[in-house]
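Each of the next two complexes has chain A plus one other chain: chain B in the first, chain C in the second.
Then we have the complex of A and B:
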């Protein structure tokens, strides 16, 4: 018997969604949180306040670099932008590629407007969540990116097959019925998927594009001699400049920044690269901030580092393909988005989390009633069920542990930033172990409950350990801290609600299996 | 500001589209509307949503305006679904 298109798509949707569902769930959670990565970082460094003008901050950073790394091959400066307070610098030491790979910490610094190292706790902040989204953790970055790419590919398959499977996509557009068991889970899955469908499609496709040259290197291989020559052609300002070994001071940078602003219709400078600083061959390139337009890779202007004269660009802007790529990456990362649109990104991301979460739960709900003995499910069912509890309840709950660790670990602790991350994964591992040991029902209730307590604890611990507790932020109108505390309380409330639902629902008498025709219809839907 | 306007049109548009459907007419009004009324509601709904797109693009440009509009569609439809869900579960009781 030949299956209909819809049936085969339903099968494809079920299994492609399940296989990478758990990984996709963690990617959705961290990716959604990462839309506020700068804000999370600022919350995680409560010592830092105030903001400097970019010109002043860059001049301060140059003084720091002249003191700290006068012989470096190049300096990189990221001045404070719309959403950040500090200046980040790093440099490439002259003896690069030496015997031992340096730790990033030895060649980078976080500076205040005067160019002094900031006195703030060591943390990876929101940047960790951003990186986990595509680099994961505890594994080589390159494996992680292949894994993440594979997951994104399956996601794309799941979206397309899901749309084909969902035969009542218009008729059921507004349908969300609670208290009806499997039907409710399916409604919730459909509504979160369809409502934010443009976002889901965009985010999955553009996500693949961000690492397209890794996943599909053949285009480059066919056209360019080597991947190096591709990158040189694509990013001409990254080319190395021959050192003249004649010392010369750098030209003042403020006029260059002003010129760049004018050239970009007022858009700010996002990053500065200074090649061969202190040498007569010095070159300064300014790159437009990625927040200034949707296309993420900003234009770059180059200046002679000693005379300050602009250098005519080798290529005139981006070609069509490169501009498309740049725009897609920009759409994905949303760095251009102002606060309102940023919240819309965040809400659509929550829709994605809910879509993947309900999809994973639906797999078990659908099959539970058909089990020969629901009290003793087979191994595959139990694995999916435990993974669901550990991931859908446990992973977001462990994020609260990350924030708590930021407040509770000793400020001067060795390797503090890493331990915040370890703390989060230790908590997640504990949740996973708990999920394995308990029955699924108890696991859901207890881990969701624990998540509610942990999220509720974040504002309280913040109040006790910093000077920027909720009272202070309400009096001083510290919107960032008010917003963060509120977000934590909302998360706590959602977890508590979910825990209560889980506790209530299964306590009710088990629903009888539906009559066969209805069950069959829904297996297809 | 434009965002609020565009969100309002999206919300209004989805409200009309929802009311144009037989099933939801029964849930909300307790009776069916005439076919011509449903058709008018459907047209109004699509017009409101299109108006939101036009406003967003006119104010913010093709790129930013279009992206914002997609986000606002999601935001606009969500409360309709929540309201309808609450409404129909109350009606059943």
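Then we have the complex of A and C:
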């Protein structure tokens, strides 16, 4: 190839971006939404109100576990944190061995501050969006993770080649020409990409790092005999404590939590593990909340479960590389981020959605004018066009269906949580079918319009089906519900705006008789 | 990225498209073979970086995605894909030899 660096990179950027663009788009949408996963979960369980001090909640959880699983191998407790209001517990039953695999819900529970099971609708909440972001759905998790990793690698290549292609990166940043067809799409793609470029690069690279040992296990293979020995070196675990079969009550937990807080400069406890509860050999380990620092792997303190005496730690902190890895993962997940920074993450994610979306549309806009007959495009062009409509318009619109299903499905329905998710995918499938049946232009207008209506319906349905409608939340200053309703209305407005834009421009290709130099410049981009 | 000024000859060269198999070879080099090359580079870094084994392994794994991305960009920019293939093969051999000997002599943890 005698082409210049920019030309070769332009080719690489176009095709690496297109091939995984649709998957990346869904990953950006769910990942961006997942920055508010806890808040979404709270909105999706409107029955739950109020919150408790962590100590009180943990004591309640201990009472629940003593009643429910007194002879378990171990108990795990996640107390309510800054953004959650319930306590989640799960336990490892003693007879784990040959028995058939239990369902997770038989060994876990969501508790209120008194340690009683909460009475709230069954939902996967924001957690589903978080998991879809890297596990997808309706397919084995391991395939999904390889697929997602491949997409992220293409994204990294698309970013690097895109930066090289885009020579006048800062000059063009100030150019956003509206209503100029292809030029506007290119400008929009450039602005959304450049504005949040550090974010895109960071989020893509750190995303790969979150599953690095899955994607690139060869460094481990060269140094360690098995990945187990690597993980043992990386996360040293204490040897399992032998059960003494001598009953002994647990020491009070509140002083341990207070000691941990002091040791971590006031950072709260994120999770608690109790090994051999009720036995003389009991051990309690407290792990620092991930919201307390960027590095994602929190420190752990261990205590004797019966005497409450601290046990000296096994490892002496992390090395530079391990700390870097931990920080990269923490940067990706953003669990440390307070509300202001969390919104910045969210907005940057929206920038990513817009970047991928405009990039996908740009592919068709650029090629439409060069088609031999723009009215009868070839099959490849039509496939890209339909997939664009189905994904860029249809996927985010189907998220509204997820929220609506949460409010509209019968509360006591069997498999309710799963059906919320099915409802979302059924809606997406319907949009996809619609996109196939209609012309691209009609498809854009109609699906974007439907998305606007669906998002606008969410606050209304919430008002009609719960006691926490917009009037109630405004009177009581329920910021979470006000924020969620407002976000839905903003989504609806954006969809309506996009639908109107799609309806406005007509017979675009015929009017474009552009001067030759401009056309040449765009061939590069 | 600014160091490579677009070559003056570029517009003329565009009319003489390179043969199709060039793209196919670049894709082959970039995706499966490039991954293998990156795996080898990551393994070598994990073994030979002057750090404790755990740290070297993590550092190499963290760097691997940057290495892979840079390699792909280089493969698509190389003058001729055959040249890229040759350079990749030679450097892979240069990495594989010491790696193999090192594992053979010193074993793994």
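Brief remarks follow.
Just so we're on the same page, the second predicted complex is superposed on the first by the 511 of 525 C-alpha atoms of A that agree within 3 Å, B and C clash if a C-alpha of one lies under 4 Å from a C-alpha of the other, contacts with A are read in each partner's own complex, and residues count from 1 in each chain.
Everything that follows uses one rule, which is that contacts are C-beta pairs under 8 Å (C-beta built on N, C-alpha and C of every residue); 3 or more make two chains touch, one makes a residue touch a chain.
Treat the numbers as computed from the prediction; the structure is a model and nothing was measured.
With chain A as the common reference for superposition, the partners chain B and chain C occupy compatible, non-clashing space.
When both complexes are overlaid on chain A, the residue A:294 reaches chain B alone and has no touch with chain C. Touch criterion not met for A:235: it reaches neither chain B nor chain C.
In the superposition on chain A, A:213 makes contact with chain C only, while chain B stays out of contact range.
Put simply, more of the residues of chain A are touched by C, taking chain B and chain C as the two choices. Seen from the CA centre of chain A, the centres of chain B and chain C span an angle of about 80°, rounded to a multiple of 10. By the touch criterion stated above, A:351 is placed in contact with chain B alone, chain C being left untouched. When the shared chain is aligned, chain C comes close enough to touch A:221, but chain B does not. For the pair chain B and chain C, the least inter-chain C-alpha distance in the overlaid model is 19 Å. Touched by chain B in one complex and by chain C in the other is not one residue of chain A. Within the complex formed with chain C, the chain A residues making contact are 1-9, 11-12, 153, 156-157, 160-161, 163-164, 167, 205, 208-209, 212-213, 215-216, 218-225, 229-230, 233-234, 319-322, 324-325, 328, 520. For chain A in complex with chain B, the touching residues are 171, 173-179, 191, 195-196, 198-199, 202, 293-294, 327, 331, 336-337, 340-341, 344-345, 347-348, 351.
Considering their complex, residues 1-2, 4, 6-7, 9-11, 13-14, 16, 18, 22, 38-40, 42-47, 51-62, 64-66, 68-70, 72-73, 76-81, 99, 103, 108-109 of chain C touch chain A. Remark: chain B residues 3, 14, 17-18, 21, 23-24, 63-64, 67-68, 70-75, 77-78, 80-82, 84-85, 88-89 touch chain A in the complex.
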